[in-house]
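Shared between the two complexes below is subunit A, which pairs with subunit B and subunit C, respectively.
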Partner chain A sequence: MNDEKPYRKVETQALLQQIAFRHGMEAMAASEEGTLAWVSSGFPVEIPVAMNVFPTYPEQAGAIIGATKIGPEVCGFAEDLGYSQELCSYARASIGSTDRPDDVAMGALPKPQALLGCNNICGTILKWYDANSEQTGAPVFLLDTPPLEAEQKPHHRAYVKQGLERLIEFLAKTFNTTLEEDRFREVSDLSSRAIKLWTQSLKACQNKPSPLNCADRFLTMAPVVSSRGMEHCTEFYEVLLAEVEDRVKQGIGAIREEKIRLLWDNIPPWFILRFFNQLAAQGVVFPADTYTHAWSGAVEGTDTDSLLDGIADIYSNVYLNKNLDAKVDKMCQLIKDFDLDGFVMFSVRSCKRYSLGQLVSKEIVTERTGVPGVVIEGDMVDSRLFNEAQIQTRVDALLEMFV
Partner chain B sequence: MSYPEVIEQSNQVLKALVDAGERVLGYIYPHPPHEIIIAHGLKPSLVRTNPSVVGAYEASLQTFSCSLTRNLFSQRVNNSFPQLAGIVFSGNTCDALQNVGDVWRKRFPKDNVFRLTYPVGDLGASSVDFLAMEIKAFSDELASLYGEEFSESSFREAIMLLDEIRNALQLLYCVRILHPSLISYNTLSSLVGEFLTAPTQEAADRIKMTWNEVQERIENMGQRNKVGQLRDSLLNHDLSDFETVIDTSGPRIAVIGGMIEPNTVAGLLENVHGISDTTLVLDMLSFGFKTVFTPPVGIEDDPYEESARSILGAHSEPTQEGLPKRITFLKDVLTRLSIHGLIVCEQSFCDPDEFESPSLERAAKEVGVPTVKLPLDSELSDRARIEGRIQTFLETIDDN
Partner chain C sequence: MTGKPFGIGLDVGSTTTKGVMVDSKGSIIATHLQGTGASAASAVAHVLESLFSTSGKTSDDCRIIGTGYGRNIVDIAYKTVTEITCHSVGVNTLNPDIRLLIDVGGQDSKVIKIGSNGRPEDFELNDKCSAGTGRFLEVMARVLEVSMDDLGPLALKSKSPCTISSTCTVFAESEVIGRIGSGDSPADIAAGVHLSMASKIGSLSKRVGVATPIGVTGGVALNPAFRYYLSDILKADLWVPEIPQLTGALGAAIIAMKDNLVS
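Up next, the complex of A and B:
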């Protein structure tokens, strides 16, 4: 009997635990020092980092709660407070773990002094942080980045830039700090370098076999979310890229026998990442996904003003802040660039911004690329909303098309 | 009037307008630039949900899209909308409306679908500038599509018309709060409904006529000034200086929530056994109070800026920044207007409603006002249970 697993673990993942531990310790220290901010994943973190405000991420905490399979219980704490089960499970996990931190083994965050949200990923952020604000007493700062219909119009960019200037004032007042241009440039450079290294690793998956699978990328994206603008984040992606390039050079794939290459759309079900490993046994690899490609814009500029211009541009132009056409274009491009055979769209009940429109975009993507796709429905944290057998049946039906 | 009757009446009004050669522009979010739309020769009309239309959205939207968007989409699939020259979707208000607007364009490519993007942030002049630019772009699009340029004179006439309507409705709202026996909630919600169907001169005349009738009685009671003071306080979002003695011999209930029509609430209360006509004294709904208590559009500056300033001067929606201010205002309403109970409406799968309702309930409880939460969908599919909940709630308040 062959006990060899159908997938190969990425060695660099071992560093993740160290980074997570370090991040957790620094967050606790920052909380005690009064310099901790909870930050949404699409927030221009380069500014608070440059102003010595330490960021930590409720979404990432939600992913941890999901991965440790306590999602239903922790979401339930929020439901006990009156929050509907129909709401985002990241938000429910965050509200629940804030209400009962002692009952959450992993994923409760230290008390923040501010909540920094940017609605480029969804409109829910504001409502979620409003709830957190009532719980913790920390004020909310919202960076409003109105969704784009096409190219960003000048008045959109001006409005976002005014929001950024307001952010600097808010941080200065709340944390008694200032934004120094040299430090801002340094943090932005570090952030850009990390993002460039990360996107190089993503691009390497165009190779056959793909050096990384979906689950690998979902795990190794953590530092680019949580530690952009910090030295150790850049170092992590240097190590990761070296491993990825080595795999490519040696023709080593993320899975043992790559037969079918698929695109993944949406946030993953964190509580069942083995889903991807099970598919690996059938020769299915996911060389690309729309989720991890979200962190791909590098902040560039030579002084504070041009850096703010760059941030107003980059952070408005993220995948989730664009219209359906742009999302379809991106999926078609990924299918072409990564030479994919089909796609799986995970319809996440928690996330309307990501998911509503998938039924239509599935048809258009197939029409334009000629490859088949399937929509499966579930949730990223709340496993009560995930029917594994039903999902497997739908994915099997897709895979049969490639036989 | 039952809600199906409201829809029927609304459809008749819209049909008459279309037959008379008018172009009707439908809107979904409760704060369209009415005056700008009218200045392009169009009639703005709320696109209403229809409880009798179910389940025709499934090929395009998931079940977790909010009940409002599902219902509207189903109506469009079934061709059961009145004849609209176009439909305005809001951008940046909630994720469902944002995405469903895109889906609508794909599924119904011949429809004239507009997007008007609102600022979420409370950035003062920056927000006004942003919205003014969006309204200007929207105005240009209207001119380009319908061939009717923005008319300054029509704009000024529209400002006067909307002022007449809102002014009378604001005063009627205040009368209802202070002396609910003088105007029934059914009447008030019907008049608001007429405004939402189409802000026509005929609707304005009926609303003003009702106000004139009520005004006489208010003046006879020596309460005209008090009504005016309350109106000003509500327009200023500040009740801290408002003081009056309110007759609290019967229970006084307020209802709060998002994009739900006062008519829907009135229809639900009609079937609740034993409810008095004076019980529900105030709605704080997006399509009622918040639409009505919008400050007038000025005529001094650029029309787009004036329009933006008016829209952003309305009471903020759950989709906007400002929860702490909304909570403070709610507490003031409950305490200074002697409210005994609060009904919190929560539309199914509506993120803004469902996120905000626990905060509203907590705020009410902090000032000693009991609450009941009503999960609603556009089809009112759980109507009997909802009415039962209201009845039990009212009995609880009666007992206290």
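Up next, the complex of A and C:
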């Protein structure tokens, strides 16, 4: 019985299946019509969407491959081609599933006509999409967003904006389409609204008990990644926010007995989301995480030029494109704002960009906030790199510090 | 009071299983240590049997806590506590001054910063590799064809330790075989092995922050060469309890007794 579980399922999650199904069908149709692009998660999709190019996400496909527990097998397909086990498991899952789509139950994407990558999330994307390009014959467009040391300088923004203008030219030429200002404004507005609604749901987790746990947010973030700028995405977050606000009003928590509130840092291990539910049984909730809080910038602007400025700003300032100081600041801020007792840093073997510097940041975050943390090691897709016994000991020891 | 008058800590490690029984004052009544072997469950049964026969008590007299990697197989335990907390509490019982504890066991090494309340404030464990653990020394002793007891004293005879990498036990083994082939003396190789391991644990300690006095526990604490090189790297004296393998089980037993008092 659901009532006996230590956690409460978010009802809105039922809509996710419909959205995922719809997204899959639309991607297939777009592929047949010649309007499908594979897109990296931090790519400014408002532009392709406004130009009637349908985006779909290899990283999200990687998460599905992970969650359906076929990560090692599909990553293995890429390893069979000669790719190293040290390569990002999203990249391996993508290359592997593209090589042998018929052997992948869920997660192989329909053939794209373009690959749109942005290096604001990692550098691997460059070579990963080059590999996908060789496999599919689709051309690659790379939007370069150099990492930010501090505040974005005007020349940095101008450089990224030039890249966006090149993107518009690339899409126009590749897909024989144009960017209409009205449509661009409409899509940007939908995207902004979805992000704002999502941000409100995230913020509501400052309440005690927290209305959402980590796993809830990792699942409900899917539409804001995959369908920003689309009507149904905004609708989804309206429904989610209503449920979240209702929980807050009624004092209903994501878990039944909230005792310890922790911060989660990094991508989750998709193949073992029950990790969070097991901790729920011990009274542990994760009201905040750095991963879902990466999507907080909304695109503002009144015309094409100002919208491009807004996009150049927002997409350069994503969490992973900033230096270690900014990441530490963000973690300390989340710990303070969400009144957290400690933190768990997941060192993801695949994601060097996210995991680099965690040992140092752990020390600094503890120094600044006074709360303890622990680093655990593993991977988001490749369960071969996840040692449950070792991880359990580390997390249990952290929890024992709160006794 | 519904509590029981004795506490037992069972520390089921990858190499050895340890048991300690204490009375309500925290004094040690009985201890037992034996190899874990292929069946941790039967090792646990043997340890319990020994504790009961030494003390003349039965399970009805005792509250039992399981700790160590095999903690979940101790069916008779009313709860489990990680070895990180248990080692802190155990060491704190024996020497309340210790602020940094380095525990080197068969399959992992941990560095724990102990707070003034005797509980861990911060900790680090070795990563997935066994190069900083007792297993590393076992493998090297086998390659050098000496017993574990003789490995440390052999290393202390060296005047010029070889350089052995500490990233991987398997690769280090091939390196040692290479050293043997090129005629390096067993003492220099053994010294290199200890130096490599001590430097790995030294950097783990520095990550947590070196605070004195420092205690060393776990089976490897018995090895004089390891202690010598670690002390040299950390530039500090090291305190080692009489039976360094038992501190985790002792801590578990103490926690069981403290629970007893509040129950």
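In the analysis below, the second predicted complex is superposed on the first by the 400 of 403 C-alpha atoms of A that agree within 3 Å, B and C clash if a C-alpha of one lies under 4 Å from a C-alpha of the other, contacts with A are read in each partner's own complex, and residues count from 1 in each chain.
Quick note on the criterion: contacts are C-beta pairs under 8 Å (C-beta built on N, C-alpha and C of every residue); 3 or more make two chains touch, one makes a residue touch a chain.
Every value quoted in this text rests on a predicted model; they were computed, and no experiment measured them.
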Contacts for A:387 in the overlay, against subunit B (first) and subunit C (second): which applies, first, second, both or neither? second
Have a look at where A:163 lands relative to subunit B and subunit C in the superposition and call it first, second, both or neither. first
Tell me the contact category for A:146 with respect to subunit B and subunit C: first, second, both or neither. first
Looking at A:213 after the superposition, I want to know if it touches subunit B, subunit C, both of them or none. Which is it: first, second, both, neither? neither
Could you say whether A:397 touches subunit B, subunit C, both of them, or neither, answering first, second, both or neither? second
Quick check for you: in the superposed arrangement, does A:123 touch first (subunit B), second (subunit C), both or neither? first
Between subunit B and subunit C, which makes contact with more of the residues in subunit A? B
In the overlaid three-chain picture, which partner chain does A:366 touch, first (subunit B) or second (subunit C), both, or neither? second
On subunit A, positions contacted by subunit B and by subunit C: 359, 377
With touch defined as at the start, can you tell me which subunit C residues reach subunit A in the complex? 69, 81-85, 108, 119-123, 125, 127-128, 207
Can you name the residues of subunit B that touch subunit A in the complex? 59-62, 64-66, 91-96, 98-100, 102-103, 105-107, 115, 117-121, 123, 126-127, 129-130, 133-134, 137, 318-319, 321, 323, 346, 348-349, 351-352, 354-359, 361-362, 373, 375
Using the touch definition from the top, list the residues of subunit A that touch subunit C in their complex. 359, 366, 372, 374, 377, 387, 389-390, 393-394, 396-397, 400-401, 403
Which positions of subunit A touch subunit B when the two form their complex? 81-84, 86-88, 91, 119, 122-124, 126-128, 130-131, 133-134, 140, 142-144, 146-147, 149, 153, 155-156, 158-159, 162-163, 166, 323-325, 347, 349, 352-353, 355-360, 364, 377
